[in-house]
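Shared between the two complexes below is subunit A, which pairs with subunit B and subunit C, respectively.
Moving on, here comes the complex of A and B:
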């Protein structure tokens, strides 16, 4: 037990403490001044809000789509199930950089999506999709959806298979079944999936950098800018601390929200 | 088991000892340089120099901010011997006491340099080895560019990419836009306002010049602002793209070689700098389209010269931001950019 604790302490805890205290250390001792400057700056406020908006948006969308896919997978025959799961794991094995660059081609002015939109007459001029929040949202969703699907699928597989038919026989509609049965019973899967997707989305670098660019800054791209251009390690550590806080708060928020559903 | 392990351990120790023994005889010169075209630099400069000096050149490649931070961290006991920097970064390094004045009498090739390259930041803290022009490049089949003010022509709405403030090109853009607006303020207030007013029509503020080829190829943009060092890459696209000569003139930048203060290989450092400035090395480097020569004896074929920023006339015509102005105003530019453009 002890050696393990010492290892964890030195290898994980200590660096985190150093990272987090860096933002509190100033020339005149300990101070919250850097946090106050960061929170009062208009650009950082906008970037923080955007990061939260995209983080929650992607988590919510992946939960909705994820349940749809996971239910389909869980109800399929064993062979189809393993094939579909493999299909969903496959993109995880492709580099996020390659996947993100593929979106540049798809979302571009002469890309597949704009051609399709013009083809079916929805728009005459190609839409500017690249370097927008929409592009970052799509990129992040595609990147992290498999994580949600995997954790929901394994949660659904652990659910007794006869409770949904039983509820149907007793006259429950699908909405009741989802909120009273499926959601409470797959709660752990949703918490794990939601935390993974949210943390992944707010800390992703390559997707906002490539699909959003400097016009759609997120905390992670702002962090990189502070380090690589201004060599401002202190502000970068403030941003890192905010990202950690966001992930922890979101984790407990999802936990609380889903447990609330069960008690009601 | 333990026998085998001891054996292999002592074997590796032995190898370690002998190789470090060989290393001790051969000096290692560390060059802190930009990451661009280092393979060509090895072929054109480092390898030929190594053959002569019985030394080994190690390149520490990276962007300016990272490398400046490294020099600061190792102040007094530096790892690097030569630092290759933009003129204003070199001035910053000089003010932080990280580099030392160069005794130019020890450089036999010094007098071959164009005058503007001889002492660009004062007190001989750096010698210019290359310069570049910066202008607007544009699709000549779609638009015409005669002035920096054409950047906000309605034809470029949603078809323009500009450098982000995080690049070296952004201050140059603001500098020329300020001139086009007849502004004179060194904090570029008028040009930051102007770019801010069209930011919605700008496709993206690029951070890496490599992005530009893709943006042109995908028809996302018709124009952008970039350095001449990007031109060879752009011409490879085989698209009708032209280099503008706006009526307000072209801007540009100068890069310098500096000696790191406290370098333990000063003699070798001087030798490499001298080699770097030589007509032969500068010609090889220019012919590979890596850097434009600052040595006035370099003669280039017209098709090579056309791809670079070549000749004293070109250099003299450039409107360059004085390095002191960059350092004095950079924080104000970033602050202005962040409130008016980045948001």
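Moving on, here comes the complex of A and C:
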């Protein structure tokens, strides 16, 4: 008990806390000046908005696709279901660097997508697909979709299996069934999956670094740039505080939802 | 109709999630000199070539060492922590739990920067030691969680019976508890190893010229390497991971602990 706590406290938390104080200090003592400068700066606002936009966008897209997949898996036999689950866990284990690199091959100027577009005559010049927000969106969705699928699949497994046929017999259509039955009954799974995807997306580094480049910055790539180009620790500290705050909010949401079940 | 639509969604999702690996494998198998898919002829030359690239070999070994040491250390601290949390009425339990799981909440890039500024620079801590600190802290919450899961499957009365029969508390821990959570510990080791080996953000600020982990080296090389070598290396890593995960699933039922 004690060793683990002392270790994490000293080797991990303490340095992070010191870093956070640097953003609250100026030459004349404690102040919020760094925060005001950061929030009023045009580039920071753009990066923050983009980070939130991508976070919510990827979460929404993965929820829509995730329900499609989870509902299909839920109908399968137990064996197929566990095999499918394993298939969705597998990509999560593979190096995100390797997973992101694939999109360079696909989206590059001479990549498969551009070749196909030119081939069918939709465009004559190759499109600039890499280093765009779309590329980052696709990369993030591929990285985090499995988390949503796994979370929704387990939520659907806990749903009584005969209520959908029952609702069908009583004449409900699929839209009613989804919004009146499935959505409310899998709400927790959706929120847990959603927060996992959202936190993953807004705190991503590799995807925006590789697929967004220096033009399409997100909060973490901005932090890296501020340090490596200008050694601007104060700004890095402000960004760190924003990221940690977002992470704490989403994690406490998950904890509140799962704490009731833990005891069983 | 619904069923067919469902299968279509599933097939498209699989294509989206797994297709890129096929593309990367295809590009890595190319006989040509530039990174393209479909490949220009098939050959294993890039898979052989990457084994000869000195910097990848060095950083691969460093990543391997880092992952083994960090995961080992995190288990050494995580197993007693998980045991104490599960069995004893520790004071400030929630505070302790929060501290131990904090590395999951704080984005790793921030921890890396903090370690660089307040440990490596002022204290003159060697880079490798800082990497081990960062990775161990990052893996520790997973170790605690996975071991906790397997502890919940172990009934307390088995230990109590052993103590009634004359074993000491520590004797019961080493002779009853540890053998029973062996699978959970192995699962924790594999998950921790993979987490550390693939980890980028915490190492980002800590690595530098001369000392680098494999994923950081690959990220750097992507900016100037336009031949299929990185695709071949990515494929190799993916295959290795799949092999480890499948083996672990078969032997330990890894997915129970994820």
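Following the convention adopted for this analysis, the second predicted complex is superposed on the first by the 221 of 264 C-alpha atoms of A that agree within 3 Å, B and C clash if a C-alpha of one lies under 4 Å from a C-alpha of the other, contacts with A are read in each partner's own complex, and residues count from 1 in each chain.
Quick note on the criterion: a residue touches a chain if its C-beta (ideal position, glycine included) is under 8 Å from a C-beta of that chain, and two chains touch if they have at least 3 such contacts.
Since the model is a prediction, treat every value here as computed from it, not as a measurement.
S.K.: Which partner chains sit in contact with A:194 here, subunit B, subunit C, both or neither? Use first/second/both/neither.
M.R.: After superposing on A, A:194 lies clear of both subunit B and subunit C.
S.K.: Is A:23 contacted by the first partner subunit B, the second partner subunit C, both or neither?
M.R.: After superposing on A, A:23 lies clear of both subunit B and subunit C.
S.K.: Mind working out whether A:208 is in touch with subunit B, subunit C, both or neither, as first, second, both or neither?
M.R.: A:208 sits against neither subunit B nor subunit C.
S.K.: Quick check for you: in the superposed arrangement, does A:73 touch first (subunit B), second (subunit C), both or neither?
M.R.: second
S.K.: If we overlay the two complexes on their shared chain A, which of subunit B and subunit C does A:110 touch? Say first, second, both or neither.
M.R.: After superposition on chain A, A:110 lies in contact with both partners, subunit B and subunit C.
S.K.: Going by the contact rule set out at the top, does A:145 touch subunit B (first), subunit C (second), both, or neither?
M.R.: Only subunit C is touched by A:145; subunit B is not.
S.K.: Does subunit C touch more residues of subunit A than subunit B does, or is it the other way round?
M.R.: C
S.K.: State which residues of subunit A lie in both footprints, the one left by subunit B and the one left by subunit C.
M.R.: 104-105, 108, 110-111, 209
S.K.: Quick check: in the complex, which residue numbers of subunit A touch subunit B?
M.R.: 42-43, 46, 104-105, 108-111, 128, 130-131, 209, 213-215, 217, 225, 228-231
S.K.: Considering the complex alone, what residue numbers of subunit A touch subunit C?
M.R.: It comes out as residues 1, 3-5, 7-9, 11-16, 18-19, 65, 68-69, 71-73, 75, 82, 84-91, 93-99, 101-106, 108, 110-112, 141-142, 145-146, 149, 174, 203, 205-206, 209-210, 220, 223-224, 227, 233, 236, 240, 243-244, 247-248, 251.
S.K.: With touch defined as at the start, can you tell me which subunit C residues reach subunit A in the complex?
M.R.: These residues of subunit C touch subunit A: 2-3, 6-7, 9-10, 13-14, 16-18, 20-21, 23-24, 27, 34-38, 77-78, 80-81, 83-85, 88, 90, 96, 99-100, 102-107, 109-111, 113-115, 117-119, 133-134, 136-137, 140, 144, 194, 197-198, 200-201, 204-205, 215, 218-219, 222, 230-231, 233-235, 237-238, 241-242, 245, 249, 255, 258.
S.K.: Which residues of subunit B touch subunit A in the complex?
M.R.: Within the complex, subunit B contacts subunit A at residues 63, 65-66, 68-69, 158, 164-166, 199, 202-207, 214, 218-220, 334, 338-339, 342-343.
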